[in-house]
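Lettered A, B, C and D in written order, each chain numbered from 1.
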């Protein structure tokens, strides 16, 4: 057991931090201005991507990178602290080609794509030349139970025909977006195994019948790349666009979500640290009723609790990453559910405290806190609502408890009055 | 002691509810469409105002209405349940000329305006012909301690000259906005009594030097009437525009805030009831893992806790209104601080649960929940941050505790081991 | 709507407070000494009872008192604030013949007893000459669902024969305890209506086969009157001892619990007020790091939150009492569940804060806080666990929600992108 | 970074677990019976100690063990998981000579004792032949700020004379208790450095003037070894009994508390795991309203949250132990404050849930939960109240924040409206 980052990781942390300080942070205001002016700040991003690529800070998230693929192969445990650093600026991950949902798509293509799919879709993603998105959640079904998904992907001759409506398709509006991986019902027979009725298929975003209905704001906030509602009406793709096997949709979705959630969580920790720094800087500055805010015991309590919560969360997430590396994504499944729930809660608490210290300014777009607040609320759904993850964890615990039935009996004490 | 609404109130509740159902709610989609299209839905509002005026549902909030002033004179206790009903639609209060910050301005003008001020500013407000705003909070000072306010209102001959920057000036963007009541430093001598250095002055919004800098979104949400940043640069108004006496700014601010906070709280309860209704309707509809959400024990817990919290909050707010009526705003000061803190918390909890039940849809503008969520966060500052109100309550309790020092001694039990 | 106590109630509050100050509080140390020495302080109690009886502060809890019965007939709403005052000393209620579980037994006998039962059991209870207890909860069944209760009460000729084990039978150890009302299964057929299988029967405590197995401490605390485990082995009572009808056990239990819970809640509020007073007195006394505890902002927050929570709880409980008076116990059923849950939570929070301010002394028996803390934990079960009450409330809310299905639709806004 | 226990630790965990299962757990009922009967179960303990000694499971807590001292030298990180296992039974640590406060006394004597002190007091402690206690907290001072301590230790010729009152002196009642380490004021001059006025001295428990006043129950619970109030009246000990230097009391107290707190925390995790196991076993057993408790979503939420909280806490405590080993107790000071706060909170939450699932039985001494509940409340004071530790953490964070002042500026975005 060792709680220190390796020298390699320490080196990478310094490099990523230095890159952020030298290139990303100084561009932050410009990024916001361009977004405020209504356009995706593509030039800015492309310029920074080229720099990150040339410095070898590229595709750091993908443990399975092959020799002919660009990027630095890292374990999940090595990548995690780098994701934390990137998480301090919401748009930074793209600079390192480490942004969702492309990371998840690259993982899944890495695992399941045919050689032709790799060449057509994965290679340009790994190069950062295109972007992509994924369509799972649907507005008309309780998608937290994915067996409810109703979009259909039906075989018709040598094609699949897709019909349905997806939303919260992140990245659909990105100027470089080229395809969407759609999950849907390929076997509509009600009697079929509910976990084997769905498939995933690659749909070029310019295919006839694909309509970007609208960009759905998250709590009034429009991401420049969009969390979009997308309508699929009689969209037709060649059968070769099927990802993996027919009916394998659930397996693919599971494979996809593990590392993605760990990345999310680590970026979230970066958000928490930033929020705490902002809180303290403000508390050291502002005076009310004759004292700095930093001198009030209630605000000191907030600071200390934030430190405790963040530190525990980070250890938890790092252990999940370590477990993935050691035992595989499937073995880390419960652990990933746990950090997913925990990260959103800690973020919400820490950001909430920071906003309260900022006062009215915490509500404005002049600090990152308003974005973090609304995003934090969204995080309690993204990749599955808390309640589904808690249920997963509890069922796992109860399974173990059943297996050791009776083991607590010796801890109970029969009252002596009952002995006679 | 009696917990039933009077017959008069029950009658008014029915009338306001019926008006909402017949006129306001059916216009809700149209209102949103116009706002989405970037304009204040003035025609729609004016049409509804005319109807409410003609039905005598007008200025219901103002207990001090005089005979020649339009509206129905109600006590705070009588008005409170009507505000709750109006609170179900964020834009409804204006229809009844009961919207902040005009209500507060009407109250303060009622109490402190000269006859000339009444004629010029109060009369058209009471008629609903103009609107107004108020400038207190400043971006550059910790305004939760209002002795920090730095905008200056300096006498210069027969004028006052105003310099400073205000923000969260609600209503500044409203097409009918005609004036702003500004609070600032009229006595800049540091040695002066810190609670007698500030004054309030009426500033026509078209006075030279008044600049609407920007509309500041609250958590990315732009209110159509604006929560604006307003710059005052060498703005000159005649000395007759002073409200009350020079140095009386704090007294006026206090007088202004009491009823306004009660209205806020009651509207908040309307928001809570709506959120709980939405939660339940959704929970009865959606199924996951073979069951309706309404059948899950955790969601049932949320429903029950929401009911308990809302009911207690309503009783508390009604008692504060009752106390105002009986003993005056000043006597109810602590009570008003208490409900102010409590209302925002309950709203946040109930809306949070509703969003969680809605899932992703709860993040979108398709339900009122996203607006309620971001507004709820803002409520923890509006009219003073929670911490200032909690401090006020605690100091009042401690004062009483000091007065009865020693009274708890008899409840302590000296251990018998100490007797010998 | 009126939030002031009536003059009558104010007068009674003064009388009860004066009695507490003059007679009960001065005896508090003596009471504790005698209990510490292992005996029930019966002389002390009887002396105070005689005084309370003579002053007409007697049986204040029972709205249905008849003319020939001793005591002052009050409504629930009138009694509630008196129970609050009594609640400040755990043993005070008995002085006024207002202590559980005798109050519940008197209520139920009032409603359901035959004339013979009244003469034999109710009359001496009302006089305070005997005490009684009640056996519902069982150690071997999940009693929060009372259909699970397994003690049998079987007809055998002109007798009922009782077999089973009860615990948390409060008062069983009291020197004046004369009988226990037992609830059990009188119709063991599994196919019978689960809510009509149980009955209640009066069992003299000296009947052969009744064995007081042990006094069960609540969190290590032994109440002097005992929360006892009682074994019934072939206990035989005449059929005339049946209370109400056979199979009516549930109806009786429901009737019994309403007012009892309101009393509990009001006494709990007395506990909360006392804890808050203790907290503040201590915080004004103790200094750490150069300041009185009362000057720390976190402790001020605790004080203010306690005030808010207690005030809201009191209003809620009073409204429940008022509803009982207006509409009957059954109509107030949901409200009673609500205050039951809320009271225990507020008590736990307030007492927790007080203990924290007291430091180590808060753990000792030298203050009432340690008793209040462990009792507070017990309150979350007594008369049914929180979860059962929350479920009851939620089901009631959901029933209403079903009845108004569709009513929230107008609050949702169809996105304009969907119109075309 | 590595989250696996080393093979050595895994081996020790198995040995300690096996010892607990084979020897300690089977003696649990007997231990409780003897305590219930009013005597310290010394024979039982001595028998088990001999066995643990012979198996080399002895003094595992002391990293600094010398070659001629009995026991197995482990690092803090190696010992921590063993303390967790011991923590499952409140009395188990003594069996391995790893119980507080002797562990702290052994640590401090190890660091500061003279050779004569070592021979007389440390050696028999390490052998488990005697026990000891420590007197710091005082009933009459706010001891959470230890500069308040008022017991005097005054030099008088070749003696020190001790006068004062201590309480919560754990172990004072233990039949083998031989000495108490007392902290007090050796330099009463008010103008002296407040952190250099106190000293520590070894006082034989049979010295004239030492009086065990009473055993103070913690929330009604009497520990068999006692948390005692001890009066020192003109107690005289030779100057050689001074520990370290005069005025070094604070330094010694600090040195003493670090590892002790880590042990406490790890044992607490054992308590949490046990509570969760009990909760689940019960939830799988009991049925209400047609379902096992384990099938209710609210109870599943409790299970999952408990798992998350416990896992995070364990990682945090292990990291603190690791940091002590790497960087010393002083460097880990903030971390130790953090886990101290966190552990008590998690314990309270998990035990609270377990009690709620157990229902009334959770209040009784028939399960370990009632003890854990009251102990959990005490933990929020033991070794310093939460608020003092939170303050320590916050001040450390703020110190760092001051050092990097201005670093968050680049994250703020100046509104474009302000540019012109």
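Following the convention adopted for this analysis, contacts are C-beta pairs under 8 Å (C-beta built on N, C-alpha and C of every residue); 3 or more make two chains touch, one makes a residue touch a chain.
From a predicted model like this one, the values you see are computed outputs, not experimental measurements.
Visitor: Which chain pair shares more contacting C-beta pairs: B-C, or B-D?
Guide: B-C
Visitor: Same residues or different residues where chain C meets chain D? The copies count as same if more than half of the interface numbers are shared.
Guide: Same-residue interface.
Visitor: With chain centres taken as the means of their Cα atoms, state the distance from chain B to chain C in Å.
Guide: Roughly 40 Å separates the two chain centres.
Visitor: Just how far, in Å, is the C-alpha centre of chain D from the one of chain C?
Guide: 38
Visitor: Which whole number of Å gives the spacing of the CA centres of chain B and chain D?
Guide: 50
Visitor: Residues touching two or more other chains, restricted to chain A: which are they?
Guide: Answer for chain A, listing residues that touch two or more other chains: 296-301, 364-365, 387, 391, 415.
Visitor: Using the touch definition up top, name the residues of chain A that touch chain D in the complex.
Guide: Listed in rising order, the residues are 1-6, 9, 25-26, 28-29, 32-33, 36, 77, 88-89, 274, 276-278, 280-281, 283-284, 294, 297, 299-301, 303-305, 307-308, 311-313, 315-316, 318-319, 322-323, 326, 338, 341-342, 364-368, 387, 389-395, 397-398, 401-402, 404-408, 410-416.
Visitor: If you look only at chain A, which of its residues touch chain B in the complex?
Guide: Contacts found on chain A: 137, 139, 142-145, 148, 167-168, 216-222, 286-289, 293, 296, 298, 352, 355-356, 359-365, 370-371, 373-374, 377-378, 380-381, 385-388, 391.
Visitor: Can you list the chain D residues touching chain B in their complex?
Guide: 213-214, 229, 296-301, 415, 417-418
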